[in-house]
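Given below, in the form of structure tokens, are the structures.
One chain, chain A, links the two complexes that follow: it is found with chain B in the first and with chain C in the second.
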Partner chain A sequence: MNKQKIKLIGTAISLLLASNYSYAAAVTLDVTAWKGNEAEPAGFPVLLKKFEQENPDIKIKLSFISRGDTDVVIPPRLQGNNSPDVMMVDMPLVKIWGDAGMLKDLNTKSDWYGDIAPAIKESIAPKGKLYVQPLELVGMGNFINTDLMKKAGIDKTPTTVNELIDSCKKLNDAGISPMLFPSGLSARLFAFANGLSRSPSKPWELGNGTASFVDDPGFNKAFSLTRDLIAANCFDPKIQAALDPWTTTLSEFRGGRVAMVMHGAWNIKSFSETEGLNYTLGPIPTDKATGTALDTFGMGWAISSKTKHAEAARKFLNFFAEDENLAVLLKDESAYSPYIKGTDGVPALAEKYNAARAAGNIVMWPVYMNHWPQAMESESVDGMASFLLDPDMSSKEVLEIWDETVEDSM
Partner chain B sequence: MNNKLNIYLFTIPALLVLCIFFIYPISLSLQMSFTDFTGVGIGNDVGLKNYERIFSRSRYLDAITITFAFAFIVVVVQNLIGLFFATALFRLPRIRNFSRAALFTPAMMSFVIVGYVWQFIYSPYSGGLNAMLVSIGLESFQRPWLGDPSTALFAITAAHIWMFVGYSCAIFLAGYANIPTDIQEASRLDGASSWQRFCHIEFPLLAPSITINIVLATIGTLKTFELPFIMTGGGPAGATRTLSLEIMTNLFGRYKFGFASALSIVMLIVIVVVVTLMNKYLRNRENNT
Partner chain C sequence: MSISMNKSSSGSPKGNGMKFTGKTVFSASANVFVLFLVIAMLIPVAYMIMMSFRTGSEIAQDPLGFPTSLYFGNYINAMDKMNYFRSVVNSLGITLSVTALVSLLGSMAAYPLARRTNGFSKAVIMLVSLGLATPNFVNITPIYIIFRDLGLLDSYVGIIIVFTALNLPLSIFFYTGFISSVPKELEEAARLDNCSNWQIYWHVIRPLLGSATATLSLFVMLMVWNDFIYPLLLLTDESKFTVMISVYRFVGNRSIEPDMLFPAAVLGSLPLLILFGFFQRRILSGVTAGAVK
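Presenting the complex of A and B:
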């Protein structure tokens, strides 16, 4: 009886130790992201389940924190040595947190870094430090209501500024409102794509003060082209100055009350769910025959420099670097792969945008590549609004303030 | 002697709260305003650079001007309307309680809701205000209310006034309740008209309510942020960019915590100076009435 008791106790202790051992071996990765909720799942439910199945010793604790809240919630955790293991970041966050030593250097010798698209490869590892693993590049182009264009007798997607002006004229003749051009986004997309594609300077030269906006022929031309759009009655400039790009603009396009809107590919999902809306996504019209694809760095993963689970965090990042996994996310996001030969998630309706990319006519949104200081984001909105309110003003007045903003950020 | 000591002892808890929650954070902000702190890591000392930027760039002086313009319009109009309603309701006791509650309701609503509701009202596309103007034959007055720099600030002040006019009215009504009834009755017996009673009895005796209303409205509007942020984001072209909004933009849009701290210190000094002078003037006025 005593022997039996001893055996039982021994077995119980062994089982307890074994369970403790397996419990100790399981790692819980604290991950924060502004994707993965119901509104913007980004394929996370499927991907996280798959990751946990492939890595049974790693559990993922995903906390949804909106992009706006990320600015408020994460910094105190980083400062207080209580940071998440893996954080969703964009490039402005990478700069602030990376420079402060809060992010782990992922090392440019990482397997996946060699396959990064050339458009972003150098920019994500300035000074040789790689703090971010990119997840997506998002296109920003010209959404076109094909039904309204057909009504006006237009069967070709406008890819040059002249074609855009012709389209405006035909749409006006047919009594259709040609386009919305809110200063908060569309006006900037047009100005940046035209400015950067014509500029003799590199974007980072404009952003670090070695070149100036005010002397830049590309940006002066971009404002003159905006004036041409106004002259062609493409839009009423005064209304566009304070038009909300995120609510009214989108609802007007969804409602079929306007033929064109320059906006981001993140709208593809919601536009496609709108009954009766037939549309395509074209490039931003510039002087290139194919137009210009204006890509922006969407989001990426970064590992905290204080993480105690560096190995598990790396496995998590490597999982997202695999094409078949990333493709799930990109399809949900209607985004491009940041890797050469990666599978894109953009549907066929963006054929013309894809053509501009394939021709190499790509401009990267400079603020989200850290080529320009973050302050340029709001300053460019004000600049475009001022210009739309008074198109006769000299472009130099706006561009001087942009140069001042760059100077203030140095 | 013992009494004096007790008085000082009783002030200790209040002084502690004041020091921990007000003086200490302000001193930290002051310290941070001389650095380039970005919200994480360590800020480097930059001396007076942040303050030099504030006073050498027109946008920050413009923001101070806009803040004062906003405060002046709101303080004057909100208190005039509040006084008008309070005077009317004082004379209409049957509907006083209901009307006071109804007028106060917007002040209990969230700024976000009020901001979005008024944004829809002002919308250039199918907005309520433009639609109303069309329906009464005033098409020529239609405009993008929030999109036009000449009307945007007024449009936001209108929303702010709508929100807080009931608050001013409630304070004036409390002031009316403190006016001795025998004075009112005596003036009636002397044959004073309603307007005469208002000018010569009620208005002078409402002096403390006027002081409270003006000081509270001034402090509230000088640090206003919510409605401009929601309705215009400071636009168009900076026409509604108040000092508080500028601080928020620098904090969370640009990660310039050091610079935002310098702006906060400037704002603090401005508010303290304005409110102190105003309070002194209004107190003198109270004593002279």
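Presenting the complex of A and C:
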């Protein structure tokens, strides 16, 4: 074998080793999320491609696991020390996994934490430990079919309860079904927005037992106002008690068979794709002139405390903290930025909802801020369903059970 | 439906018309009831199929309406995004392997348990029965950790072993009861011909288990095909995903888009329906064997 051949073989081996080294240096980040599938892409296809282009040494392996199954599938992986590097979380998950030491402290000195909106800033780092990077705040308000409202001679978005009752009367006179009010969501939106906006107590005081629901004038008033809506024939309470908020309610509104439905802004994308549906998103009618915006903490990223790729995971989170990138997700989700000067993704049709926010009339969905225990999520559905089935019952009967639920969760 | 129409030979007024006996009226009513029951069960399936051929706007306008034309765009979209053929092959491979293993291992374990009626056998049967009563969420973490330590995560072998293990208690319980009813004389005759225990199982007992195996296979196939929690937990490589995980990609967290979900659901169920249709005669003859003496 002559020297030239030996040199060639040597070069080939070096090249091979170099390519192997560069392969080994590439990190594959295991990410789980309940977004990014066909039904709710949340801009992920674009964003993940962009991230990989900007970070050629990091590959993203995204696994779709629905929110419901996250509770089942992720804990074994966390306990088995084989967790995903980055996980999509909401606040109840942050509480459980963070308290169990399964999440990495992202540190309140992170560049992006200083820019977080005041409404959630303290709640996401309650004991000085920051386990979640918020991705969105989602509005929940009153969707209004503008064509049906015009037919009934209504040209103003109802922002107060009195205006809502007046709209119901006009719609009924025009032979139009005024609204759907399923206990699973809409009834709770109305009760929580009215209860929290009128309550003298802070939401977390109700959720930690310092204050009680049964003595709260705001929540008692909320039930009384629900009774007023029933009296004004805004909806048939017995039918609404068991109506599915996620399928039938949405298809009825999309089909133009009902004038109003209180629901989440995440529907904006699919409603806007429905031919012939003209609508707006208003706030939840309360005693405030602008109405009340009811925001919820949608989702965020958390890093596993056992990750072997902490640096890559941080880069991934920092990418989503950049306004230009987050704006893509927020536009697809029709959501608000969790950052003070962030670009919101909510379209102009939510102008009235935005006005309520701008006026500072915002309440946060208490369970998803960990202000109330998670058990209140199902208990509030049961409470509203009981009330709709028997509107003559005293609100105290429902509110006593809510207090007991809080007490049991402590 | 059978209604007897007896013509009386006596020519009496009572016998001139149709004569409905109590038995025939009961039989006719039962048939009508069963027919309604079948229709009631088929309505959701028919609805799903009808919706899968309509556009999103059509469904929104008239959710209960019939399709005015067959729109195949939903299916093309679903097949494109589901990696359909690969995931069907994965599901078929896993389901058939598990069914075969559960039938074989279950019957092998059940044979001695059915024949040896001592305290130990009874204790083992009780222990196996516990497997039927254990909820899934109790098993899921230990299974994950054991399979991680065995290096069986993200492998076909791993998922097949898990499903086999999860279905074995049902299988053993099922076969033990069935084998207990097989006359011992058959085995004694084989033993006179110098057959070993294995030969008796293989040549005498196993061929008699056709009806039990058919029924059991139905349960096991449905359970394995439709489950997506264990594949979701144990498989991370998308090329190994089962068809139900692919269907699941079309389910939203906060809403359901029928024009996306329904065609995916039809496609997800179709291979199993074809499989059942293909083996229908064999399954039915197996299920009903022994019902008539």
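Everything below uses one rule, namely that the second predicted complex is superposed on the first by the 409 of 410 C-alpha atoms of A that agree within 3 Å, B and C clash if a C-alpha of one lies under 4 Å from a C-alpha of the other, contacts with A are read in each partner's own complex, and residues count from 1 in each chain.
Everything that follows uses one rule, which is that a contact is a pair of C-beta atoms (placed from the backbone, for glycine too) under 8 Å apart; a residue touches a chain by one contact, two chains touch by 3 or more.
Note that this is a predicted model, so its numbers are computed, not measured.
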Of the partners chain B and chain C, which touch A:40 in the superposed model: first, second, both, neither? second
Partner chain in contact with A:183 - chain B first, chain C second, else both or neither: first
Contacts for A:64 in the overlay, against chain B (first) and chain C (second): which applies, first, second, both or neither? second
Is A:270 in contact with chain B, with chain C, with both, or with neither (first, second, both, neither)? second
Looking at the overlay, does A:382 come into contact with chain B only (first), chain C only (second), both, or neither? first
Now for A:301: first (chain B), second (chain C), both, or neither, which partner does it touch? neither
Using the superposition on chain A described above, determine whether A:254 touches chain B (first), chain C (second), both, or neither. second
Partner chain in contact with A:79 - chain B first, chain C second, else both or neither: both
A:279 in the overlay: touching chain B, chain C, both, or neither? Say first, second, both or neither. neither
Using the superposition described at the top, list the residues of chain A that contact chain B and also contact chain C. 68, 72, 75, 79
Chain A partner, complex, touching residues on chain C are 56-57, 59-63, 81, 137, 140-141, 143-145, 148, 153, 229, 232-233, 236, 248-258, 260-261
Within their complex, state which residues of chain A touch chain C. 30, 34-35, 37-40, 61, 63-69, 72-73, 75-77, 79-80, 82, 246-247, 250-251, 254-256, 264, 266-267, 270, 273-277
In their shared complex, chain B is touched by residues of chain A numbered 68, 71-72, 75, 78-79, 92, 96-97, 99-102, 183-184, 238-244, 248, 252, 373-375, 377-378, 381-382, 385-386, 389, 404, 408-409
If we count contacts the way the header does, which residues on chain B are in touch with chain A in the complex? 38-42, 53, 57, 119, 123-125, 144, 146-149, 152, 232-238, 249, 252-256
